[in-house]
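One structure, pasted below without further comment.
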Amino acid sequence: ADAQKLVLTGSSTIAPLALEIGKHFEKLNPGVRVDVQSGGSTRGVIDARVGLADVGMASRALKQEERDLIAHRIAMDGIGIILHQKNPVKSLNDDQIRAIYTGKITNWQQLGGEDRKITVVNKAEGRSTLELFLHHFLLKNPQIRAHVVIGDNQQGIKTVVGNVGAIGYVSIGTAEYEEAHGMPIHLLPMAGVPATVANVRAGRFPLSRPLNLLSKGTPTGLSKRFIEFAQSAAVDDLVTAQYFVPLAR
Amino acid sequence: MMHDTKKLLSCAVLPTSYTLSDIEQGAACCVPIPHIQVENLSVSYHGKSVLEGVSLDINKGCITALIGPSGCGKTSFLSTLNRLTDLIPGCHMQGRIHIDGADVTDPRLDVLALRRKVGMIFQKPNPFPLSIRRNIEMPLREHGLSQRSAIDERVERALRDVGLWEEVRDRLDAPALALSGGQQQRLCIARALALEPSILLMDEPCSALDPIASAVVEELIQRLRNRYTVVIVTHNLAQARRVANYAAFFWMTEHVGKLIEFGRCQSLFDSPSHDLTAAYVTGISG
Amino acid sequence: MMHDTKKLLSCAVLPTSYTLSDIEQGAACCVPIPHIQVENLSVSYHGKSVLEGVSLDINKGCITALIGPSGCGKTSFLSTLNRLTDLIPGCHMQGRIHIDGADVTDPRLDVLALRRKVGMIFQKPNPFPLSIRRNIEMPLREHGLSQRSAIDERVERALRDVGLWEEVRDRLDAPALALSGGQQQRLCIARALALEPSILLMDEPCSALDPIASAVVEELIQRLRNRYTVVIVTHNLAQARRVANYAAFFWMTEHVGKLIEFGRCQSLFDSPSHDLTAAYVTGISG
Amino acid sequence: MLKNPYRLSDLLMTITVWFSAALVVGAFFWLLSDLALHGIAKLNWSCLVSAPENAGRDGGIGPILVSTLLILGVALLMTIPLGLGTAVYLSEYSSGALARSIRMSLDVLAGVPSIVFGLFGNALFCIWLGLGFSILSGGLTLACMMLPIFIRSTEAGLTAVATEWRHGAAALGLTQAAALWHVLLPAAAPAITAGLMLSIGRALAETAALIFTSGYVDRMPDSLSDSGRALSVHIYDLSMNVTGGDQSAYGAALVLIVLLVVINNVAASLADRFLSQRITTS
Amino acid sequence: MLARVTGGIALAVAVLLGLVLMLLVRESWPVLVGGGWTRFFVGDGWFPSSGQFNLLAMLWATLAASLGALLIAVPLGVLSAVFSRFYSPGWLIMPLRRVMVLLAGIPSVVYGLWGLTVLVPLIAGWEPPGASLLSAILILALMILPTIALTSEAALAAVATSNLQGAAALGLSRKGIVLGVALPAARVGILSGALLATMRTLGETMAVLMVAGNVVQTPASLFDPVRVLTANIALEMPYATGDHRAALFASGVLLMLIVTVLAWLAGCVGARSNA
């Protein structure tokens, strides 16, 4: 890519945010273009590694074998458990969640709720939210007895909205927004910590992931300037507008 | 009476296979009993009149040929007799038609029953894209016959009637479209006969066939005389002469068809009373 | 020679509009100069032979009628003469055909030039879905004529030749498909004539037309005598008698067509030398 | 004459047919009214021309419309000549080994999931040919998807042209090219337009293949080598990735449907004009 | 000359299409040779991260969804085509066709979105989880209905009027004409329309992904969530590497094979009914 054009590829979760950051960056640096392509975190890793993209995007921490890249955190995203508004269950502990997801508990009655079948909503293989969730609850994917497997955040929310017995996990920012806009869902606290953006930002919420920009080696030139801009406090309002959690500074 | 019959015979020469008893049974044809009575019939398409003021009586058991140049309304006339005009968008008919005393133009008439009674054969053989057997069986079933043996018997009888039985008996389940043109046309006739109609309308039934097939079908039509009232459109004047007892000559003036002359076949051909008829039957020979 | 001419005339009655000078110009037809020489021709479809061992010479300026029952290979025979067989999948021909001395079966032959020289008219009129003018003009342009005035002149001449000019002169840009059947057929003939062929093949050119249109086209064909070598397939034996100088009778034995008899029209009809011919020309009259 | 014994079954049939038609239409009106209900609020003139803001929740879809049309244009520019050429080859020389293998691979390709086309386009056009994420890559990939549909329907149209005309043209000594140009293609025009509309429909609705080729950038494209977001990708992103993007998604869906109707009508009237010119004037 | 030019174009297209097929095969090659093709049909299930690549459950789901959609859409589509050819009052025909053309062009994402927000909750209220084989079938049926209705209508329109007139002249009722003549005469056209539709159901990705629930399991009831092969590719491809990626491509190859077999079968049926 030429010096004035920056190509970002990767996580579809980060893409809308990166697009907005890119637009602001373009405004501040006339003549510069920032092209954002989505396609998934793995794609961001691969493209950044082979140089197809100047900067990769990954909505998770780098794995062991990906340490040849450098991750630059630009925001946080908390993952919260959501239930339907009509579901009287107001909190679940980790063991209960584990039991639900492994199919040991199949009815809300067993958890003090109504007599209603539990619909377990899980994420598709490879998604970083899934990896985070499994890691936190010490589960393996084959153990999970899901009823619905989803791709992206919105699908999860729409699924829970449409099904009183459903349980799922989604991005907290998104869930807060939808809840505020009248979607019949509610977020559960985790280990007693309420699932709020503020708690994620403060690092109190146990289930959260970093949103990373990736570079091959130490970034230089335009990439460096962009990454620095994306990490600066100047983008905090953009991050908030996309319902993610700005970095604690 | 006897005199009439003779005249008739001299015009419509019967095939050699006919015996005297055949002719004698043919009394129906010789005694003019009107079977179809048409009064002041007009047909229009999308408001444009194509046939006007036709009145004639078609006699029971006789073969009546309709002749005339293309476009003069012969097909349109035929189609009114079984109310096939209902199906043609924009087609409208006026006037009176009585068949066996019932008014064909009555909107409350049961047209399905009418059409069952008045069979129709088209210029281009139009067997359905089904097997030979199904072609005959399907209409029978639709008309309420459901007993296997009765159906099989009727299928065979109809095919025998048209002389097709020997040719197709071991391939009744072959597609009808695999038959030759002449066979297809005979199948279409068999299909109509199986419903036991009393009237058969034929719209140039031989014109799409080669001469041999055409001769076979023509001979078949002659065998239908007396058992059925046949109205046949043909461009082949020689054929009209050979098969018909009565002939009706249509002509078109200013794009509107009219019935010019109607009468005994022989008199129409040999001593036409109208100049147009004379010109047509002599000027343009087959 | 004179004798021959008389015989010929008595068979193919010339229309009243013909004058003696016409007949005298027609020397080409009376002196048998072979124009098309066919030797031992066979045609097969997908390996199945349908026509075998046909040998005959077609004379210049004469009208030769091909008669015979359906399926005996008349159309197939015609199609070999302008190599239209090339277009039919699975069709294969064997034998020799010479036109004006050139070998038609030669694979290196310029078929486009051949087909320009050998015009063909089909049973169903097939004007292109273009305007009347474009139907004639387009082939001319494709054959390299590009001068506006020359084209216009040829279009007019061709339309006059077929007697269509007066009927369509003020609607040359109307769609050809809006013409009546007979007009369409004459347009197709005009289209072929505009290319100035020397041979015209006609495959039942009148059979899809009503008698009046048919008579017009027939008269037109007779006017083509002497100027063109015409090979015409017809099911209408009366027509063959009326128009043709020579006749070839094809018959099918065991699904393979053969040329049974070929000769002067009159002798073939009046004193056929073969039983099959006799049966065909008498047994099944028009 | 009597009343029929078989009238009852006829009545039953009539009821069944009316009921089925009503059911089908009813289901679709449910769907369409839902779409309209959700999306209509988002629709106005300014949204058609302005750029998206806030990840598409606000603002319009101007650049996206432009990208969509450019991608479609590129795809059509490829599809029409290649498709016509191939269809002509298949219909006129159908017996060859090449024809047979092309026909077979076309049938197979009709069944390849679109996402695989996306990966193919990414590998071939973006990376191997170095076009990168661009409108060009997207259009070319779409062309690959449209070709099977377009070729098959054009071929069917050509083979359905009456043999009378083929033989008529040949008998006049016309070259095959002349016959095609003057007679066969005009006569097959309705089938060709139908195939074209089918392929346009498929192209406009395509999501998976475009994410990997024309990309995600929602800026107004400067050239064909710019990345540009297609309308269907926009809809997908709004409904699946963007929090609070549903209403915009419905709005964009409505625009897409209207666009399709407009394109279809334009195509149909162009074809009509072309046909009537060929048929009636000199 | 024409043969050269069009042959050249055809060859170019053939090469292009060949490249697509090559890519599919090349990308799936590692698992095809590495693990043998049998691994797609044996084993505990689909756990790509632990090297288990059993596609059978998804294959059944794909077939069940397609078959179900056809069972609904073919009768409805054909009957509505019959309606517009034989029963509809004249003024209704054009609007009806317009609606069908419109619907045929609605992108699958939109069907999916609608299914997810309207249809799935409806079914969930009846029998959770809602996202299920049934919802996939219904959405697919809705998607292919226009195709089937339009192609059937075209096939019915192509039935020779001589046949319809002949049937009417035999005194057949409208029902008799439709069932006895029109539909049998149009069967090849209807069949090829249904085939087109089947291909679409097999290849459809986004809409099914959004409503089917995507759980890898062999469906035991209509209310079971299922994952079809295309959804599997779309869900996992962006995150897949190595053998996992190759296995996804292999499932693409499998889909293609099914479609090929179908196309071939249809060819046989068409050839037979023409003869």
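By letter and in written order, the chains are A, B, C, D and E; residue numbering begins at 1 in each of them.
The rule we apply is simple: a contact is a pair of C-beta atoms (placed from the backbone, for glycine too) under 8 Å apart; a residue touches a chain by one contact, two chains touch by 3 or more.
None of the values given here were measured: they were computed from a predicted structure.
Visitor: State which chains count as neighbours of subunit C and simultaneously of subunit E.
Guide: Common contact partners of subunit C and subunit E, which must touch each of the two, are B, D.
Visitor: Tell me, please, which chain's centre (mean of its C-alpha atoms) is farthest from the centre of subunit E?
Guide: Between subunit E and the rest, the longest centre separation is with C.
Visitor: Looking at chain pairs A-E and D-E, which one is connected by more C-beta pairs in contact?
Guide: If we tally the contacting C-beta pairs, D-E comes out ahead.
Visitor: Please flag the chain sitting at the greatest distance from subunit D, going by CA centroids.
Guide: The most distant chain relative to subunit D turns out to be B.
Visitor: Report the inter-chain centroid distance for subunit D and subunit E in whole angstrom, where each centroid is the mean of the CA atoms.
Guide: So the centroids are 17 Å from each other.
Visitor: Averaged over CA atoms, how far is the centre of subunit C from the centre of subunit D? Could you give it in whole Å?
Guide: Centre-to-centre distance between subunit C and subunit D: 48 Å.
Visitor: Can you work out the whole-Å distance between the CA centroids of subunit A and subunit B?
Guide: 82
Visitor: Provide the C-alpha centroid distance between subunit A and subunit D, rounded to the nearest whole angstrom.
Guide: Using C-alpha averages as centres, the distance is 35 Å.
Visitor: Residues of subunit A that contact two or more other chains, please.
Guide: Those would be 12, 39, 151, 155.
Visitor: Note the residues in subunit D that touch 2 or more other chains, in rising order.
Guide: Where subunit D meets two or more other chains at a single residue, that happens at 4, 6, 175, 239, 246.
Visitor: Multi-chain contacts in subunit E: which residues touch at least two other chains?
Guide: Only 117, 173, 176, 234, 237 qualify.
Visitor: Which residues of subunit A touch subunit E in their complex?
Guide: On the subunit A side, the touching residues are 12, 39-43, 46, 116-117, 119, 121, 124-127, 141-142, 146-151, 155, 158-159, 161-166.
Visitor: Taking the complex as given, what residues does subunit A use to touch subunit D?
Guide: Contact set of subunit A toward subunit D: 7, 12-13, 15-17, 19-20, 33, 35-39, 52, 151-155, 171, 173-174, 177-178, 181, 241-243.
Visitor: Residue numbers of subunit D touching subunit C in their complex, please.
Guide: Spelled out, the residues of subunit D in touch with subunit C are 95, 162, 164-175, 178, 182-183, 186-187, 278-282.
Visitor: Residues of subunit C touching subunit B in their complex?
Guide: Going through subunit C, the ones touching subunit B are 69-71, 181, 209-213, 215, 235-238, 283-286.
Visitor: Which positions of subunit D touch subunit E when the two form their complex?
Guide: Subunit D residues touching subunit E: 4, 6-7, 9-10, 12-14, 16-18, 20-21, 23-25, 27-28, 31-32, 34-35, 81-83, 85-86, 88-90, 92-93, 98-99, 101-102, 104-117, 119-120, 123-124, 144, 147-148, 151, 175-177, 180, 197-198, 201, 204-208, 232, 235-236, 239, 246, 249-250, 253, 256-257, 260-261, 264.
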